[in-house]
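Below you'll find a set of structures to go through.
One chain, subunit A, appears in both complexes that follow, with subunit B as partner in the first and subunit C in the second.
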Partner chain A sequence: MSNGLVLRLWEEWFWPVLAAGIFISFWYFSVKWSGSKVFPSPLDVGAGISELATKGLLWRYVLDSLRRVGEGYVSAIALAIPSGLLLGWYPVAAAVVNPTIQILRPISPIAWIPVSIVLFGVGDMAAVFLIFLASFFPVAVATMNGVRNVPSMYRRAGRNFGLSPSKLIARVVFPAALPQIIVGLRIALGVAWLVVVAAEMIAVDSGLGYLVIDSRNSGKRYDLVVAAMILIGLAGLGLDSAFRRIEKMKSVRWGFRNEF
Partner chain B sequence: MRQVEIAGTPISRNDGVVKKKTPKAKLQAHGIRMIFRRDGNTISVLDDVGLEVGEGEFVCLLGPSGCGKSTMLNVIAGFLTPTAGQVLIDGEAVRGPDPRRIFVFQERGVFPWLTVEGNIGFGLFKLPKVERDERIAYYINLVGLPGFEKAYPHELSGGMKQRLEVARALAVNPDMLFLDEPFGALDSITRLIMRGELLRIWEAERKTIIFVTHDIEEAVQLADRVVVMSARPAKIQRTVEIDIPHPRDISSKRYLELRDGIFEQIGLAHKV
Partner chain C sequence: MNSRNRITLLIVTWTVLVSGLHAYLNINWPAIINDYLPQEKRKFTVAYIPVTCHLACPVTDYISKFSKAGEIFLPKMFQGFPEIKEALISNRVQAAFIVAPLAIALKAQGVPIRVVYLGHRYGSAVVVRKDGPIKTFADMRGRVIAIPSRFSDERLILFRAMKVFGIKPKEIKMVEMAPPDVAGALAAGAIDAFSMGEPFPSQAEMGGFGRVLFNAREYWPDYMSCVLVVRQDMIDQSPDAVQVLVDGIARSGLWLEKGKPYREDAADFVGRYYFNQNPALLRWALTKPLDRVMYSPLAPRKADFDLVRDLMIETGVLDQKIEFEDYVDLRFADHASIRTAWAYEPGGAQAQ
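And then the complex of A and B:
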């Protein structure tokens, strides 16, 4: 946008497809010329994906992973946004709670796997809990900072028009902080998608993470391992581009521009 | 010689200047002191400032940057509680911000997440929808923004954003407007146009206006009365009546006399 290089409509598709094509052919010829017996070629992986599709596993696993992410992520948001609003609004509460948050935040959700299994047993809930943990902190912290950074002018204007504190939060503070909250939501979704794959390797017997580990363990089906990896990547891309659409909504776009 | 022409007299501590045209005092501020404590230092920003403003009057608070005139306006608006002194509006002590008196910031005060309509309707949440829509349409016309109802502030120019903020303030039908260097961020041509617009709106709606500026020309073009404040800690140095009817000819002899008088009062040279 800023470097002056503008792609024409056909180029927007052509160059990325070409780049991916070059990558795939590099992969294809590397496998072919090295004579690897273990590593699958793109053709093997394509066959693997269609095998999964005909068995009906492809959609089931993708949807299982998405469902777990959805459950953990939505419940995290439901708790993280109100807590972030409160912590941002009451600096004293933030001063009390923030050190604890800052200690918990850098702990990788993966490190919580044993705790999660102790709490919820081996199963869906353990995986969902990990997604919850992974999503909660980025959203809560982004919301808190977003609220703190709301220009005092907006709060004053809101108070001037006679808004009660709860209305002030709903009609001024929340929308003013929303661009920052959305950044937190997007980061959280990315992390949640990383974590679901790891969680499914341990706690459950469906989903894309399970597909990776199961294909390797039962018969060293590396074509299916790589197929699962590609599906993970595509689904992650889908989630992220859905998010970018939200950022383009006019009521939040002001927060994503340098000038306004 | 020019000094003599200044119509105002220095305000003494206890009695503000009450204008003959507007005998009813809308606002009375007495003995306002404001002391900020920062890093162990105490900074005195306002030192015994008194001010009286009549109903429907247009008063400019004029002073050098950082002198405390914005602080004074924030005290009047109820956003800051003074260290000493009291502000009475309609005989009632100011305890906080009030929708009857709207503060207009520089154009950055409009809400960027709301459309033009949404901004103007912001303070009208107590009205039924039909009435709210009527008011929004009326004020969009008044400030010359028809066709931009659905536009967001980042799609508007600086002058349009400023008019939007004035419209948002007027829509709740306040008795007073407090404007804090509202045109400071605009280019000089837009600023001149906006002054004309503000006077047109003031003549149509007859609100009591307190307008903070550091621009002498702006003050003399707009106000009924210019209150000149000293450097920090601010005191009121002098009050100058601007006895020129609107529209004002900014090359007329009287205008230049008044302007030059204030220039000298503030101690500025006439040559750059």
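And then the complex of A and C:
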């Protein structure tokens, strides 16, 4: 910790749980005191979640969403990292393609929904395609910039050791660019999780996004809507902390020039 | 000018410009002013979506503006039923045109509303792709069909047809879609069929990519779909205003039944000023043939609603046998029965 404050082991759990508890009780009492007949209290939402669990929908929906994110995300990475490496390695290619990428990049994947339904119909593929789009650009751009920022000293040293260009990329440039790539990967995962929820609201009939829209369509069931929102948050938290674990692995940290 | 002043000036100019343009272009001032009027002068906001099932709403608004008493309520257009439901629950609108099963389900779930009148009769159809694989309803097995809501008569009509053809519920996949999206989805091949209110069947017919497989009345002789619901607090606080609203809708219904020229005029002004649809499309939906959608008689009938309720229970979207008297308030319809059509001629500037 930069400010010298060190949490003891029990505190690492205690304070976050306390904060969440305060938030939930604030929620509970606001619902109670405002006398809202529409917005559910935490107890209603808890009952909603257990209703989903007993119906067997809970895990199915969470896993469906995770699977879609996995498919789109992995295929995006498989394409984005090589193309990012190439573009970073050949600045001329980057100069040619970059303006197009910069135009495509700020288009929200949600805006692609009509196009993806036309291309892939209503179904899994449409949703996976949106996640692919959402993950591709952050990773490709981060990889490209990462490769560009590798100090030329590294490359020259590699060449002096007689590495062939392909080995130089695999053994020196890629690891050196990895810190920036990882930032891109993490951003992409966050965006992919945002997008899967939106995509599932339209294209498919399972998953957490579908749960939100399905609960909305079933009349006054805002307990289920909020339950779905909380599940989305929890699953997103799970994804992010899993990613942090990977980030901390030794082999990944090779390229971190400044320990932070 | 130093850079800080320049930035401040820029921000202030931008904010003023954007707010000014927003106020000028986007804000519906009558609706905002209405919120601050005293209770007895405040007007209802009535929600509708751009389907002919709700046509009487904009027709009443348009014609009443030419009458001495002036406009009766503030119409507010939505694009789908979930949004209307939310606006109704949270009292952003006090009355709404919604599908009858949704009204029953909301009342059963404890939302304080009452059905006071019908919006129309007939006017829903099941549409398939023109050159697609579905020739008769029996081909519907394993297909994807769009419906406006799980609480809709458009869904129930499918179940009635399925019974005739011996198709089991699991053999057809129904997806809920906002009505304005279905024609495009059918053209793009994202769905195999849809069951919707007009003018979307007409849109698919006019566009040349859709074919009406059957009209609702073929499997449901007294078909009705959308109803006018009003919040209970409005009924209790200002029953007279509710009566004026129902009278207006009743008079519009009779006016729409006066003949083809009247319907063509309605298609024209509703398409232009309300639904933002091609008037030719509405003309098609309202006149080919004239009884494609009917706007009279609109008084709620117990037998119709019992049928809807029982079908809802049977198909698993309602879990209690709620009684007609619990969710319908007949007194407004009873009073409205003495009303006559608006005295308004197409293109005229006066109405009575």
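Heads up, the rule we're going with is that the second predicted complex is superposed on the first by the 250 of 260 C-alpha atoms of A that agree within 3 Å, B and C clash if a C-alpha of one lies under 4 Å from a C-alpha of the other, contacts with A are read in each partner's own complex, and residues count from 1 in each chain.
Just so it is clear, a contact is a pair of C-beta atoms (placed from the backbone, for glycine too) under 8 Å apart; a residue touches a chain by one contact, two chains touch by 3 or more.
Note that the structure is predicted; figures quoted are calculated from it, not measured.
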{"item": "Touched partner set for A:Ile117, first subunit B, second subunit C, both or neither", "value": "second"}
{"item": "Contacts of A:Gly70 with subunit B and subunit C, given as first, second, both or neither", "value": "neither"}
{"item": "Contacts of A:Gly236 with subunit B and subunit C, given as first, second, both or neither", "value": "neither"}
{"item": "Partner chain(s) touched by A:Gly46 [first = subunit B, second = subunit C, both, neither]", "value": "neither"}
{"item": "Residues of subunit A touched, compared between subunit B and subunit C (which is higher)", "value": "B"}
{"item": "Contacts of A:Asp205 with subunit B and subunit C, given as first, second, both or neither", "value": "second"}
{"item": "First, second, both or neither for A:Gly190, with subunit B first and subunit C second", "value": "neither"}
{"item": "Residue numbers on subunit A that touch subunit C, as the complex places them", "value": "37-38, 117-118, 121-122, 205, 216-221"}
{"item": "List of subunit A residues in touch with subunit B within their complex", "value": "151, 153-154, 156-157, 159-162, 167, 171-172, 175-176, 178, 250-255, 257, 259-260"}
{"item": "Subunit A-facing residues of subunit C, complex", "value": "82, 85-86, 89-90, 102, 105-106, 109-111, 144, 149-151, 173, 175-176, 185, 188-191"}
{"item": "Sites on subunit B touched by subunit A in the complex", "value": "77, 79, 96-99, 101-103, 105, 108-109, 111-114, 122-123, 125, 152-154, 172"}
